[in-house]
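Reviewing the structure listed below.
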């Protein structure tokens, strides 16, 4: 492991619009195989039920991350100095077979994580959270899931398919991956199929901070609710970018009005500092519906804040 | 009348991106002529003074409503079960003659409403509020108007035209349609022609909750101000989508910076539960200026919340 | 069967931007169950290997067809008078299982066609051509396929999948659906995987008119080449909209530079008059990449010309 | 009159993206009241039957004209040296009353033309051709009309309105403005209401060069057909930008596939050199549907070529 | 000086979408050389380090300002009556030489301001703030700078260039232009290069109100912090439009998630009433990335509010 | 040098939308330092006089090249088998100093080319052609330049700058880099400053095939004219993407109507087979103005055809 982590490409030699398109212009894993933390693309959207296109998400978020710089004044940390972060590239996933895709993602993520590494995945659609949770569970046991989303994603099946972007957290609960007393949805809103959607989600182990709560509670109270729920367990953070209002994230597959602002989302993420975040995903960025990279930029900043709240003991 | 209302098309058989483009994938009035509540398109924009194009609004909002589901967790209601909602299609309106258009809309709306039915119109520009208010007045007497808009829409004439999208509430007041003690504008902002605009609006019966009030007052206080003003009168809700900030609703004809978020608007609408809402319109969605349906989705959710606060005694 | 076919909605009563969004504002099959010719939506894009989104194609093409009128001066025919054309709506297809989707489309198309009806399908991706060819083959025996496309679509498998948008004509040839002496690709261009792609396509029964031939041969010579190849056999016309240059059809999934103009495509289609066209599809319109409906309008005109060259004995 | 006409702003002092937005950065009429030729905006689209928005056309075309330079190598002429060209600004037209609008345009155009000046109008929708033809007729008697368009624009009325964008040439013929033996449509294509549309157009004095003729005839033959038809009469050139294919002009109100390329249109215009062009309009540019100014740029070049073929004796 | 200032063009004669494109449709300086306050375009973006294109900003903001009206209800003032405001057009700046550009802007701004006039510049990139501050300093001595921005803009050099859009406030401080005890950044957020960025900015005389402060402090508290810092000094207001969140201002060059809403920005500006604002700029509007003018409209309203808080003694 | 060149990433393992974004998914030079032919990004647009943004061109063209496959049926060649092609990444160029930029590009290109390697550069604006020609001249003596462009690019200076995107071929001729008897512009069109532009261009060594010649001459005649002019000299091909009509290439900085189709351009390039092409550039792709990658795809295909006509003796 290098004494000093290698950071982003030097913007005084290669302007930010130029050069290689890794996340935040960080080194590639192939160049730094001992990296501590990986940002990894999972280009896959066959589990999408409405607008597809998140298969183009990873490279869009990377392209939108070119302005990220090494010091975070909000948390007073330097995420690329505290540990070696690298871009692990994309996994090749079968676009025609959901089961095969889930298996490939699980295997590849497991290999990347090994016993130690923390992994932040860029989707792809939300289907990918299931194999990623399996990998975390194998290492840490039941996981406290912090799930940002407009939707519960705890449906059962859709057109007979068990693995889709609407079902990962039901599957994960059924498989015992979720810590039933410490998981929480944030940003839930919009019409549901029925009252049962909420009660079943609770049975699966989730409480909920609704989007409309942000209209009435101070942001720090919401942070405290989230922290209290997560406790000191290993936390997996799963962020569907549609937790943001369509005005802040048009480039997504199942948009719902009335969502969070990007500032609200970033503030809640900053509030995770000190928790034991073991992995994360940022999903459902569908570039064909984005404009001027506003969704991609929001996703890039979300990943940046996640990198900033990873525990320091990594190195 | 059917024992159980027919709801949206079954998404487990016809995916949401497929099939007929009625509002929320609800049945058509032609198939269920006894429906209780109608969503109705009024494609007309000849009254627009700046960007035209709201004539394409009704079908754009319908297309943007495909993700709406039957249960509203915010209010714990099922709007499509409490009553039969149907899509009444579009009215054919003369695009070249404002007077003829207003007459056609009044006549068609009257026929659709009959003595009992509640009607939510999708514009079209704001000109259409006048004939719709006439129909309501005929059934209920003076109407408490709850008007969401960046603009007062109480001008007198423009280029000699009495019926335009800037004049409906002046005409309505002059005609005695408006309950002078119980009407209110919400979301007003942006430059006016003169101080008189405000005082004349007050003379016509309107108080105002300004957009900037949302920066200072808790949302529930604003709801209470609105409810106090409306009282127990029959309420007509007229929503110009430009009440939202251009960031949340770019697809409109006369955008003004500094507006409401979609979450704020939806919260105020939810606050109307229990009032006697007799009709509504959602106007000024101009699809040529929309992006990724963010304006259309906001409008679709607005209509959904309106359906949710309609009085239960309908059936 | 009605004495006089019912044509598009009357534009002097319902302006073209208003009213129901069937293809060319024609009646629905549910209202005219005896219609002779059907335009049918097959919203399905799980077979796409690059940009998905053709699942939104059918309704986009319908929306783009609102300006179509009943008389075609180029051919001096009235397609909606010569026979009853109706919009058969969309089929509900499983988005997560390619095999199930192909089976559903075949069954539904067979039921719609019965023994007599001609069917023009709006895709959806090119996967759908296989089940549609099966239906035609069952009725007519081996089919002369006229295939407009930038690509050969005669690959074998992709990620193990036999049914994708790159394989329908290989599968169809293997199944004996294609008349080996009378089928032709038109518009082929762009890089291939290898020289074998061309020779294998020939073995499967296809000759090719390359896109670059349009730069050197008069349009009527190309029409004659196509007619000579098709002969007097039953003809199925399969049109991937990417046969057009990206400048004329940006809204598609696998665009290639150097394609046909919309005028060239329409002229070749007009040249089919008098042939025995038994069915057709227009596929790969991906609305998220379209602009101002230029791709949708091209597709709508393509369908219109197909309707105009259907044999007159239909009725 | 100045000895040397004043040309566009000096691009070596004010870069082309900067400075005042007159057509081709030419002087304003208010600064050079003796100008010989005027480019004039007629922002009006109330006569549009499908997509409105051409009211924003004049300023969009001006913005798209910033790259025009003073020497035309195709014709070896300097249009801004041969005569003083100025931008006459926009006329203020009633957007709510078609009859008043037509009267205002006629009066204002007459005043601008006086007895001598040639006028090129930027629409606005095609309604404006009627009052402009009246002004030309008053000065020159029956006018040979050279009409570029996808549509005939010789309908009778629409929703009872006699003055719309679909009717100007019927009205003009009825009023005796059109030289019955010397007028011609160019670029006609797309479906019509009936066979009568063509025969009635011929009775009104028009022959037609169809868009599909461009696929079969050399461009110079088409030029010769047009010149032969126009003869030596005073010619009015009316150019609906939808004569171009939607790929070349997406920003318009009633697009039809299969149109001309911008090169074809410019070549026909260049072929008018030596004719007695007395006036012109370029209409139906609807900026909300344009992309990267491609429609605006085409329109700007069209006006430039028109300026280049104006007779030299102007000065 | 005229007894009554000339206001915007009369919208009852020239509709807002028509006519000359000056800011708010105000008169030009060339027509009213005695104007008190000038809005001036500085089309220049060679100092941009990421997305260029702000050279098209001035005319885009003007085009987006057509809906501004003469009375501001939020402040109960009529900015165009209190003083003569005029549009001073654009300065011609060398796009290839940063030093020459800065010199040209300084000279031209000095000439425009004379000893008395207040100037609001529309950028252009943020490089232009330096020469504008020099002009203000020459007249008023050290200036209290109120700087709205996502970024500090106090870098030293970039690729060896001292004058870029990231350096104006460092240069200004070094030159002694900035009042070290009375300047403040508002809206700062996003990653920095290092902790030093903040401490160096403080050494240069700036405190900071961070964007995240808006999530926790009432808007009036923030106004009070700003006013307390500025005191009674001559204030220069420099507004980088990227202070807004990308959802409210996509059309800019270096967007960062988590920004202000347009309502928050307008409220802070309204809070400046009564201060001695001597000049201002609104920069970094990059139209190629804007959609439906939402960024342009925000910028236009920002300028409008600035005009409203200028001291009344101007006249 | 490897026995068999390494081609693009295997699309049967990594779908085309996934994985690393090199040109055509080829290997990087850093991984294959002995590559024969390089595709190289030169992200630089400070020489642009109108719309900037070509600095984002290289990565946009790479992203648009993901569908390129290894066999070219038009020429029956496999460009990635005949020689090792690699992506050389981007050069870091000073965006604020034109002279420094030209020097950096020259030095870097020289180092990359060595004595043997052929280089195809992706711009960036057309300024970059000058240093690239210097490198070629140093190796081959006077170069026959084949220049595709709407513009002559033989201006002298602009705002005092000798090195801009309008001047490279004047500078190159002055420096003796251009073979005066064997160079040719193709696609010239649009207004010029004066007749002198043409005569001066001829003095500098260029004849011209005008865009309008494509409307009258068969494509093979044009190819023959070009080949005859180039003779057997070392040829440098410089392609400004604005040689295409804006309908085929909206994403560029100085668009002119009436250009080539992408098919015409590709055909002329294919006609170069057998000539001694020593280097090339494809410039002026400005992604902010592109739509659905149509400009990027055209540029990617242009580079692909260039790779296909490189002499075989490379290896």
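Order of writing sets the labels: A, B, C, D, E and F. Residues in every chain begin at 1.
Quick note on the criterion: contacts are C-beta pairs under 8 Å (C-beta built on N, C-alpha and C of every residue); 3 or more make two chains touch, one makes a residue touch a chain.
Please read these numbers as outputs of a predicted model, since none were measured by experiment.
A rotation of 180° superposes the C-alpha trace of subunit E on that of subunit F, rounded to the nearest 5.
Contact tally for B-D versus D-F: the pair with more C-beta pairs in contact is D-F. Subunit B and subunit E have Cα centroids separated by 37 Å. A straight line joining the Cα centres of subunit D and subunit E is 40 Å long. Multi-chain contact residues, meaning those touching two or more other chains, occur in subunit B at positions 15, 17, 49, 51, 55-56, 95, 158-159, 245, 247-248, 261, 289, 291. Of all possible chain pairs, those that touch are A-B, A-C, A-E, A-F, B-C, B-D, B-E, C-D, C-F, D-E, D-F, E-F.
Interface of subunit A with subunit B (complex): residues 49-51, 158-159, 188-195, 197-198, 210-212, 214-216, 245-248, 250-251, 254-259, 261, 289-291.
Contact residues on subunit D toward subunit F in their complex (touch as defined above): 12, 15-17, 66-74, 76, 78, 218-220, 245, 247-248, 261-264, 266-267, 291-294, 297-298, 300-302, 304. Touching subunit A in their complex are the following residues of subunit F: 13-15, 17-21, 41, 43, 55-56, 58-59, 63, 89-93, 95.
Across the complex, subunit C is touched by residues 45-47, 49, 51-53, 55-56, 94-98, 100, 158-161, 164, 288-289 of subunit A.
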